[in-house]
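I have a structure I would like to understand better, so I am pasting it below and will then ask my questions one at a time.
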Amino acid sequence: MSQRQHLLTVDSLNRERVDHLLRVATRMEPIAQRRQVTRVLEGAVLGNLFFEASTRTRVSFNAAFCRLGGSVCDTTGFTFSSMAKGESLYDTSRVMSGYCDAIVMRHPDQGSVAEFAAATNVPVINGGDGPGEHPSQALLDIYTIDKEFQRLGKSLGGAHILLTGDLKYGRTVHSLIKLLSLYGPLRITLVSPPGLEMPSQLVDLVTSRGHHVEQRNSLASDFSDLDVVYATRIQKERFTDEMNESFQGLSNDFMVNRDFLDQRCSEHTIVMHPLPRDSRPGANDLNVDLNGDPRLAIFRQTDNGIPMRMAIFATLLEVDELVEKEMRPVRWFVPAQTGTLDR
Amino acid sequence: MSQRQHLLTVDSLNRERVDHLLRVATRMEPIAQRRQVTRVLEGAVLGNLFFEASTRTRVSFNAAFCRLGGSVCDTTGFTFSSMAKGESLYDTSRVMSGYCDAIVMRHPDQGSVAEFAAATNVPVINGGDGPGEHPSQALLDIYTIDKEFQRLGKSLGGAHILLTGDLKYGRTVHSLIKLLSLYGPLRITLVSPPGLEMPSQLVDLVTSRGHHVEQRNSLASDFSDLDVVYATRIQKERFTDEMNESFQGLSNDFMVNRDFLDQRCSEHTIVMHPLPRDSRPGANDLNVDLNGDPRLAIFRQTDNGIPMRMAIFATLLEVDELVEKEMRPVRWFVPAQTGTLDR
Amino acid sequence: MSQRQHLLTVDSLNRERVDHLLRVATRMEPIAQRRQVTRVLEGAVLGNLFFEASTRTRVSFNAAFCRLGGSVCDTTGFTFSSMAKGESLYDTSRVMSGYCDAIVMRHPDQGSVAEFAAATNVPVINGGDGPGEHPSQALLDIYTIDKEFQRLGKSLGGAHILLTGDLKYGRTVHSLIKLLSLYGPLRITLVSPPGLEMPSQLVDLVTSRGHHVEQRNSLASDFSDLDVVYATRIQKERFTDEMNESFQGLSNDFMVNRDFLDQRCSEHTIVMHPLPRDSRPGANDLNVDLNGDPRLAIFRQTDNGIPMRMAIFATLLEVDELVEKEMRPVRWFVPAQTGTLDR
């Protein structure tokens, strides 16, 4: 079977395929924003298999499939009962594809989703395989940047994008930088504590594609031309003793908060984050003092998970053209702002 | 956003709003009793978020939303994975409202559902927040009383209602007595073991609204004019040592069983209970010897959860008028008695 | 209420009823194979109550109900919250039947599903009650044999069927042999390690119905006329010390693998298994070296769970005639082979 049929890694995505998904996601907006409904997947069944808990991702895929008219069988938990009895991923995959028309799988072990997908012709979407891939997140991220830029009259060509936080272990930023490298040319600034830098092969890849990459160990510089700051959490559990010591004096150098935005960036710099963010005091994560600031795009970003995941399902199941012809108006009450003023 | 948009507490309900919900619930009966189906919420998604296990309540909300044609994303478990990572209720709420058209939330901490609701414009229904509120239960209770009274040719004006069991900690009876106080005038008798009496501010509230309230410490009196006995479980775990001792000789004074009904009440006294009831021998709960007695209304009461929760969803999502115009007959087999002879 | 209304045990099934289910399952194939969709159960709600984890069975029932157009409320976990508080199965059953139109229940305790069913008129399907029954498995097994035989131009009359593995504790083979005994006459060979033989009352029952039964303690004989081998796992945890010792030298005598098929059986012998199978090295289970062999019918068998479970729901809910009149073509992409080449 062809890799086209699954969505396992961003590496399988070229510019044309990403462009297509961005276009289809835009087409899904009237449904995602609950102005229209469609039933194109009426009768279809999604197997939403979460071998690892991840409520937001699970609900997002579930809701996206429902919005297309399909039904969802959820499974949550660290082990499947039958796999605990020695069933192979091959058998599980083959059995599930007899029940479902598409499968989303999240699993703590890198490579397991690909192993699962190898045993079936039913489209499989990688919902995150441990330190591996989480392609739908990277797709909704680039969709968000594209949408925000359209709103602001900007374009990806020549944009300046800052990725900051834990760039070594954060799979989100790894996948995102690969997708970004299909566009541009871009100016990409990478800011992380010493020891948590972006892997050099990824920096080399992006540079080889003609982008300008700059790496720093502090946010204390001028970002007045910055278009996007993409923040991720710095988990101190990742630190060696040595790193811990050197980080003591540095932690303020990685704070994405209102001061940083007001003093170093511009009024058009948007702030993104893969969520969840740690809102506890002392967490080295995106500060809650930005709540309510229109530059904070994190909730628009998570909202965008619905049209992008709808686009992924619709494309893999080949109803992406059909949807447009089969929409009808929503009949229930939808608040003017489905979220808070933080939209 | 307005409180009208959520259902967080019975305190936000006035007589007009309760009357409306009772009317809409009645309108839902053909669907709840499976003579008709409707699809008015086709395409809508409910987030059914149970941070605390409660199978019956979760399934009841789930089924009610499905009967209106919507889809449901269930989440069960004591912690959400992302909240365990330090995510605030504010962030969780905002994210979920991007996925769902309505949210039911149950949470062990009082006030948490209101905190969650404050971050979203999507209608939020409190499915129970620990010792706090559980408004849909009180609404289905008053709907049951109203329906039973109609069947028996009675009216709420002048009715005699007995609340018994643990009246101190039972949130169900607190919410119910508030709703009852909007009707009447009523005679309300409160019977509980010493130390588990109804909080005095609630007694004062009800009295100030013109109802006659009487408090006792035993069921050993004449209840021949009683219309409703609403029983709740006495959990001995609530007892101090002192209370435990004094309760030894008293426990028979709080037994709602066939003897009590036959000897002290009338053939038209109906028996209600919020369920679940503890059927184990020695439990201080509604006796199973009433099973099969037509006065036992507890299963009619739980059945009524469906039309009432449909009414809540339909009202908050503003399809309460539409439903009536869009019903069509059920096409599958429905047993004459969907339940047992205990209907 | 009549036993006809529930599906609790294969003992309640006569030849006519099984024939009917086989016919209805065949009628469901276009939907199960995703060439057609139907909405006959639109508005209906299934309570899918798993008191014991069993992902494949749960998802199979769930998907089957969805394919008929219904909605599903899943419940998983070893205890229901309310049953942990002392609620009786009677109360739980009665409450759930107020919410749902049909109930599937799996429970670790034998007899518990029947107890549950006794309290309701809503159709209840036993999804496995510990060492007791799992009738839908036996039905999909006989449906598989029937379907494979049709493909091969064979008939059940005079067929030779081998059941092997743990025939003492395996509830699957107990139920299957009862259903098989309604057909035939058959030649049934039973091969198990000493101490794990088929219970003699079952052998007597089958013999009394005119079938030829032969019991052996090794697969080392000529099976060149064999039509079906139905393998089950031998769980060494079942063994006494004495059995363990005697099994050491025997384990190869119970190996269903490519060698056994190639050397002792024929090219038309099909291999079945209830799944899951233990694929770990050293497990005494159906060997993975048969993967890809067209005689391996285990994945066609699990696929057959969908049309058979659809047939069970459709029959109990009396829409089995209606379905045929209300199908329309699927509009999404369905791979030519929904599974692997192992179909």
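Letters A, B and C name the chains as they come in the text, with residue numbers starting at 1 for each one.
Operating definition for what follows: contacts are C-beta pairs under 8 Å (C-beta built on N, C-alpha and C of every residue); 3 or more make two chains touch, one makes a residue touch a chain.
To keep track of the chains, here are their UniProt names: A, B, C = Aspartate carbamoyltransferase.
From a predicted model like this one, the values you see are computed outputs, not experimental measurements.
Both chain A and chain B derive from one sequence, and where they touch, under half of the residue numbers involved are common to the two copies.
Superposing chain A on chain C by their CA atoms means rotating through 120 degrees, a value rounded to the nearest 5. With centres defined as mean CA coordinates, chain B is found 40 Å away from chain A.
Listed for chain C are residues 71, 74, each touching two or more other chains.
Residues 1, 5, 40-45, 47, 71, 73-75, 77, 80-83, 85-88, 90-92, 94-101, 119-123, 316-319, 322 of chain A are the ones that touch chain C when the two sit in their complex. Those residues of chain B whose C-beta lies close enough to touch chain C in the complex are 31, 34, 37-39, 53-56, 58-60, 62-63, 66-67, 69, 71-72, 74, 275-280, 283, 285, 288, 291, 299, 302-303, 305-306, 330-340, 342.
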